[in-house]
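Letters A, B, C, D and E mark the chains in the order given here, with residues in each chain numbered from 1 onward.
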Amino acid sequence: MMLKANKLNTYYGLSHILFDLSFEVNEKEIVCVLGRNGVGKTTLLRTIMGLTPPHTGSINFKGEEVAGKRPYQLARRGIGYVPADRRIFPDLTVRQNLEIAQKPGTSGSNSEQWTIREVFEFFPMLVKLENRFGNQLSGGEQQILSIARAIVGNSDLLLLDEPSEGLSPLIVGDLRERLLALKNKGLSILICEQNTTFAFKLSSRGYIIDKGRILYQGMVDELNSDEKVKDCLAI
Amino acid sequence: MKSNRIGTFLPLLFLVFLFLLGQILPNFYLRIIIEMAILGLFAQSLNLIMGYGGMISFGHAAFYGFGAYAVAILLRDTGMSLVPAILTGTVLTGVFGFIVGAICLRAAKLYFAILTMAISQLLFVLVYQWYAFTGGDNGIHGLTVSPWMTDPQHYYYFVLAVVGLCFFAIRVILNSPFGYTLRALRDNQERTVFLGAYVWWQKLIAFVFAAMFAGIAGGLYVGYDHMAYPLLVNWSKSAEPILMVILGGINTFWGALVGAVLFVIMEMVIGKITTYWLFFLGATILILVMFFPKGIWGYVEEKLAPFLARER
Amino acid sequence: MADNNNLLEIKDLKLSFGNVHAVDGVNLTVKKGDLTAVIGPNGAGKTTLFNVITGYYSPDQGTISFNGQEIGGSPSHKIARSGIARSFQITNIFPTLTTFENVQIAYLIIRGKSFNTVSGFRKLNRGSVEEILETVGLKEKANTLAGLLSHGDQRTLEIGITLACKPKLLLLDEPTSGMSSWETNLVTDLIEKISREMGITIMFVEHDMKVAFSVARNVVVMHQGQVFAHGTPENIRSNQEVRKIYLGEE
Amino acid sequence: MRKNTIFTLTILLVFGLLTLCSGLALAGETVKIGFVGAFTGPAFKMTKDAEQAAVLAIEEINATGGILGNKIEMDSRDGGNRPELHARLAREMIEQEKVKAIFGGGASSCVLGASAVAKELKVPYLVSVGNSSSIVWKKGHHYVCLFESNSSMEANAWVAWAAKQPWRTYSWIGPDYEWSRMTLKAFKQKLAARGINLKFKKELWHKLGETTFTSYVPVLKASRPEVLFIGTWGSSLNAFILQAGQAGLFDKMKAFGMIAEDTCIALGKKFPQGLHGFSRGAFNYYSAKEAAGKEFTDKYYKKFNMYPGGFSFCAYDSVIAWAAAVKKAGSFDSTKVADALRGLKFSGPRGDQYIRAVDGQLNCATTMGPLVYNEKYGFAVLDPATAIAAENVWLSVDEVKAIYSKQ
Amino acid sequence: MEFSDILDIIVGGLTSGMLLFMVAAGLTLVFGVLRIINFSHGAIYMLAAYISYSVMALFGNAPNTYWMALLIAPIAVAVLGALIEVFLLRPMYNREHLMQLLVTYALVLVIVDATKFLWGPDPKMVLLPDILSGRIAILGATFSVYSLVLILIGFLTMAGLWLFLNKTKLGHIIRAGAFDPEMTEALGINLKFIYTFIFSLGAWMAGLAGVLIAPLTTVSQGMDSSVLLDAFAVVVIGGMGSIGGAFLASILVGLGNSFGLLWIAGIAIAFTFIVMAVVLVVRPWGLFGRPIK
């Protein structure tokens, strides 16, 4: 088991966002969390990352209770965070963005250690951008860099927040392929999406959330064929 | 609304108490109370924009000093008596506050604070150097006011009346739609814009009010010590009302006064024992900021809340 | 002069940030008394559209005419005074004022009373403000500090604040976000009531389709900065293209 | 709960201090005098010099049985650089502590502030720090006495001294405030009145408290005068001399100015050659001239392990003059003592002196001369010192009366 | 006026500019990363100067012990800075700006009175090593060696800070942390440590400036406030948080002051503040700053 969350309750100020949320991510698995915007997907990832710690509930990561830990502690334990707005540092070059995120993996990890060179090999489009500043990148380039930044820290689990948003179909296809390759290299991925098609093609299991609660969960094939799920996600 | 009556009743009781004090206390103590009242008004004028309007000014002494110098110069050169001099000084300070405010409000938050400080420091330099007019570094000393005003007991009642009126006026302003718009601006400026508020004018007028009340305090000071000197305009003087407001409790109406009273007491009491009294002032502020961010009065008010009407 | 029945007419409105076209040629007409839901996936430009209408941003191009008057590019406070009131996506109230004072301050500012320095604030227009609190159901909490209200009540209070602005057009940005389903029901009822009883034209952004389709008489679908579809709930519901943009495509 | 405890403790502490103080105030049966000084900020050293001398004087008085059989006790307060605080502290000590006289001083504006209180409450104010001529003249009154040469006297002394020097082209550096502006103006006018016309090549004004003079020094160097007149004092002066010395300014020109012991002591061996200074009480000069001067210097050194500064002499004089006035009046009554102070003759470390009756100004001489490093002391001293008597430089009685009649 | 005089004046202006920059750099660095205006910067500068005196006294007060002082005093105040950050500022980060300002202001009162208590009234003299105290003739003008060294140190400080912030990983982390603290933490970086480090570095720089100025003046009460206002003005002119801005503003103020002295009498006292007011009115966030929301 990579990640297991149990009965999470999270508040933003006084606003109760997540209600008794429980889910899990296995090793080498891509799991998607689907829902329209405003249902608490981003909050869910922020909760796991320690940016908005849960009010109650437990988060178990690789056998250790991590709820309430600071974000940097979680990152050092092997969680990589790719926020929806990418949050690339605009004054740093692509290479510098990667350098500051580089750190050794955890000792218990069986995945191989990434170097910056390997990351460049893995995302060839970044090579020619190496000395470009963060604010000179297009949306797609920023997205790739944001993911690259998470994996160069030798994370075991990636948290991706709407990676496909604002990207052209060509790049989305490419992105999917890269993410699958990452899974094959041993990473687990938790991905929050609005783009159901993209998410279903990528993941093995999925959770559908609405108003901070899990409505449906199951294997992607089951979910995909369920009309109730579609109604919940679209119109 | 029974509790509300207690809220208005207490200040009245306090006034009666102060009146009686004027009858029984020796001059020395009366003068201390006068000073507390003047500094209390100075602090309250800052509280108007800082506590209620969220505008931090590092240069508020500019208006205190401007008012003081205006009155001092009027007394020295025109033979005006104190009351008309203070009235004229207040108007002049208001005009000055309007100009300074119009410049400083171009910036927001910290930059606003810094800009106010820069301008007050420029005024300091001007006052410090304009020997013929402001008396330069020596300042203006030994001003004469009418013999009636020179008597500490009389001046005590005069200051009490003026400061009382000003506090009443500030209270009215704070309880008016204008005052609440100010609070709304502090809480959430963006929202008030979408309610159709002229934010800039609103702030500017508040700033002018604050300047005028500080000017009155400065004028009262001249009537009290019969002097004006450049340090009244210096940035270290600007720090004083900030410290008083924090000491007493920001966002509370009486906090500014309580802070001024405590400030004067601390200065006298600790200054008596050691010449290192600033050390203790610094330590006190550290303790307050770390543990009692609401200040002494804020803390007391919290404890008294069940017994009093909400005084905001 | 256009159709007198049109309260808001937006023509070819454009606004970009750098090379992001947040609003990319929006054409939209809202009739008086209409109750319109604006839906669309994340980043479709809904909030930005509201921000342009209310003057937070100046449009790069295009016209916005409100009640027959061009308001595009006017400062926010002028637009507010012309009768457009808005609520915000994130809770946007005055936390250190009481519920009553929150509504009261809005009531007075919009009527140009904010420079009145002598009247007792709390005594002015008590009746009207209490009426609004009654409408939104916050009368019992009139003296509670807004910052201490529950999230649902804070969102409701926002609607109260906008109502105090005596609006001709009400723009509500995700009025039900972060609410429990029980609270959501209260708010939808409230929106309906405001539209029906007070005759105020309303546009609201909504993510919860059930809410959007149950309340709105018209639905606008936005996608990539443009109005993708505009019609009755039934029309929109059966529109396969709309369904597709929601489920995503590659 | 924890907060409550801290709060209560703080309140208790404040009130504890309050009661402690009122207790202390009641305790003494001795006669009290007060010292209000500037123990905060750049004038700290001068104030401390003065206060220590006053402490020494009182110790000696008490050792010989006090005055009129009463022991004397002195309280010190810090008025910093704040005129209103000096005034308030003076008032507090007079009204609450019942002190019989106020000593000390500070910046001119502070002295003027406290002086107004002394006038109002009719208690002698014996000023030993701060020498604006306004103290005794424009704003003078019956209760104030000044124990150093005032600024006008000093300016005249410089004129008298400079008139004998061969220099005719000058440059000037001084702090930008009234005292130094007046000093320079008077200096030029008075030399012109003696038929000596100076050419000022450059006049530089820096802000009070400035310690970085690296911009000023080259400009002065480039102006190439025969001599530089320095109006700077205190730690600014120390900085100026060090920086000018390093840049070789004093190789190119002579210099004289407000250079007193504090600077000489502070700079020690680093003190450059070719400077001329002055003193309000040069201990080496008075030690050589007067037995009392030597005795005072030795006692002071023994007690505080440092040499007395100019202000030490002034403050010491102020206390013994007051003691003499009390004896002369036969009472501590402040008006009688003030009367006795006027025209008082007494003998101190600076020899036999008197306080002029018309204005309360002590007839102290201003000593000036070249500053030369002295191995024995470890710093530069006036060598040889020229004393310019007060009678040669102060306004005549008629002139002073003319000033008073204008008020 | 000869060429050598002009050269002399330029060097003089640069020296005062660099002395100013040494103080301003730490101030603006701390503001840029921690968003705190550190009023106690001047007090720390003074404290370091006093400590340098004591260090030299401890080693026998020979001129060459200055090197020891130069090493030890800044480190001592850097440690103090770290303690201040951990115990006094850390609890303040979630509080309003005003409270943070008050903490640093209260520290001024505490530190200043402590130095008074510990070191007494006498101004303290800090001697320069012989190698630095000489004079040197270049192109017909004589300069003090120390002046040239100070200019060099100023430029080196700028270069060092620039290299540190732009060419090292830690520097990149600091810039990232200043721009987006949350994301930086999510990359596994402990910002608490970074904040402590930066405040401590700021204190170290204040300390270094204090020790460097000590031989040019005497260490005495009041040296803190005179430098703080000027350094503050320079930081504001350059743009708060911009080290390059502070550097250029220092040179501008230093040289401006020098040539101002040459041509306009009596401007020195107000020069810096006039420049500051003009800059603020035209560009409230300074020459190189970013507007803060």
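Simple rule for what comes next: a contact is a pair of C-beta atoms (placed from the backbone, for glycine too) under 8 Å apart; a residue touches a chain by one contact, two chains touch by 3 or more.
Small disclaimer: the values here were computed from a predicted structure and weren't measured.
Colleague: Among all the other chains, which ones are in touch with both chain B and chain C?
Modeller: Neighbours common to chain B and chain C are absent.
Colleague: Measuring between mean CA coordinates, which chain is farthest from chain B?
Modeller: Farthest by centroid: A.
Colleague: Name the chain whose C-alpha centroid is farthest from the C-alpha centroid of chain C.
Modeller: D
Colleague: Which pairing of chains gives the most C-beta pairs in contact?
Modeller: Top-ranked chain pair by contact count is D-E.
Colleague: If you average the Cα atoms of chain D and of chain E to get two centres, how far apart are those centres in Å?
Modeller: The computed centroid separation for chain D versus chain E comes out at 34 Å.
Colleague: List the centre-to-centre spacing of chain C and chain D in whole Å, with centres computed as mean CA coordinates.
Modeller: Taking the average C-alpha coordinate of chain C and of chain D, the gap between them is 73 Å.
Colleague: Can you work out the whole-Å distance between the CA centroids of chain C and chain E?
Modeller: For chain C versus chain E, the centre distance works out to 51 Å.
Colleague: Which residues of chain D are in contact with two or more other chains?
Modeller: As it turns out, chain D has residues touching two or more other chains at 39-40, 176.
Colleague: What residues in chain E touch two or more of the other chains?
Modeller: Chain E, residues with two or more chain partners: 116, 266, 269.
Colleague: Which chain A residues touch at least two other chains?
Modeller: As it turns out, chain A has no residue touching two or more other chains.
Colleague: Could you list each pair of chains that touch one another?
Modeller: A-C, A-E, B-C, B-D, B-E, D-E
Colleague: Going by the contact rule at the top, pick out the chain E residues touching chain B in the complex.
Modeller: For this pair, the touching residues of chain E are 37, 88, 91-92, 95, 97-99, 101-103, 105-110, 112-114, 116-117, 229, 233, 236, 240, 266, 269-270, 273-274, 276-277, 280-281, 284-285, 292.
Colleague: For the complex, which residues does chain A have touching chain C?
Modeller: Counting only chain A, the residues touching chain C are 12-17, 36-39, 84, 139, 162, 164-166, 169, 172-173, 193-199, 201, 211, 230, 233-235.
Colleague: Okay, in this complex, where on chain C does chain B touch?
Modeller: 54, 56, 76-78, 80-81, 85-86, 88, 92-97, 101, 104-106, 108-110, 112-122, 124, 143, 161, 165
Colleague: Chain B touches which residues of chain D in the complex?
Modeller: Interface residues on chain D, with respect to chain B: 3, 6-7, 10, 14, 17-18, 20-21, 39-40, 76-78, 81-85, 87-89, 91-92, 95-96, 107-109, 112-113, 115-116, 132, 134, 139, 176-179, 181, 208.
Colleague: Residue numbers of chain A touching chain E in their complex, please.
Modeller: Those residues of chain A that touch chain E are 49, 51, 70-72, 74-76, 81, 83, 87, 89-92, 96, 99-101, 103, 149, 153.
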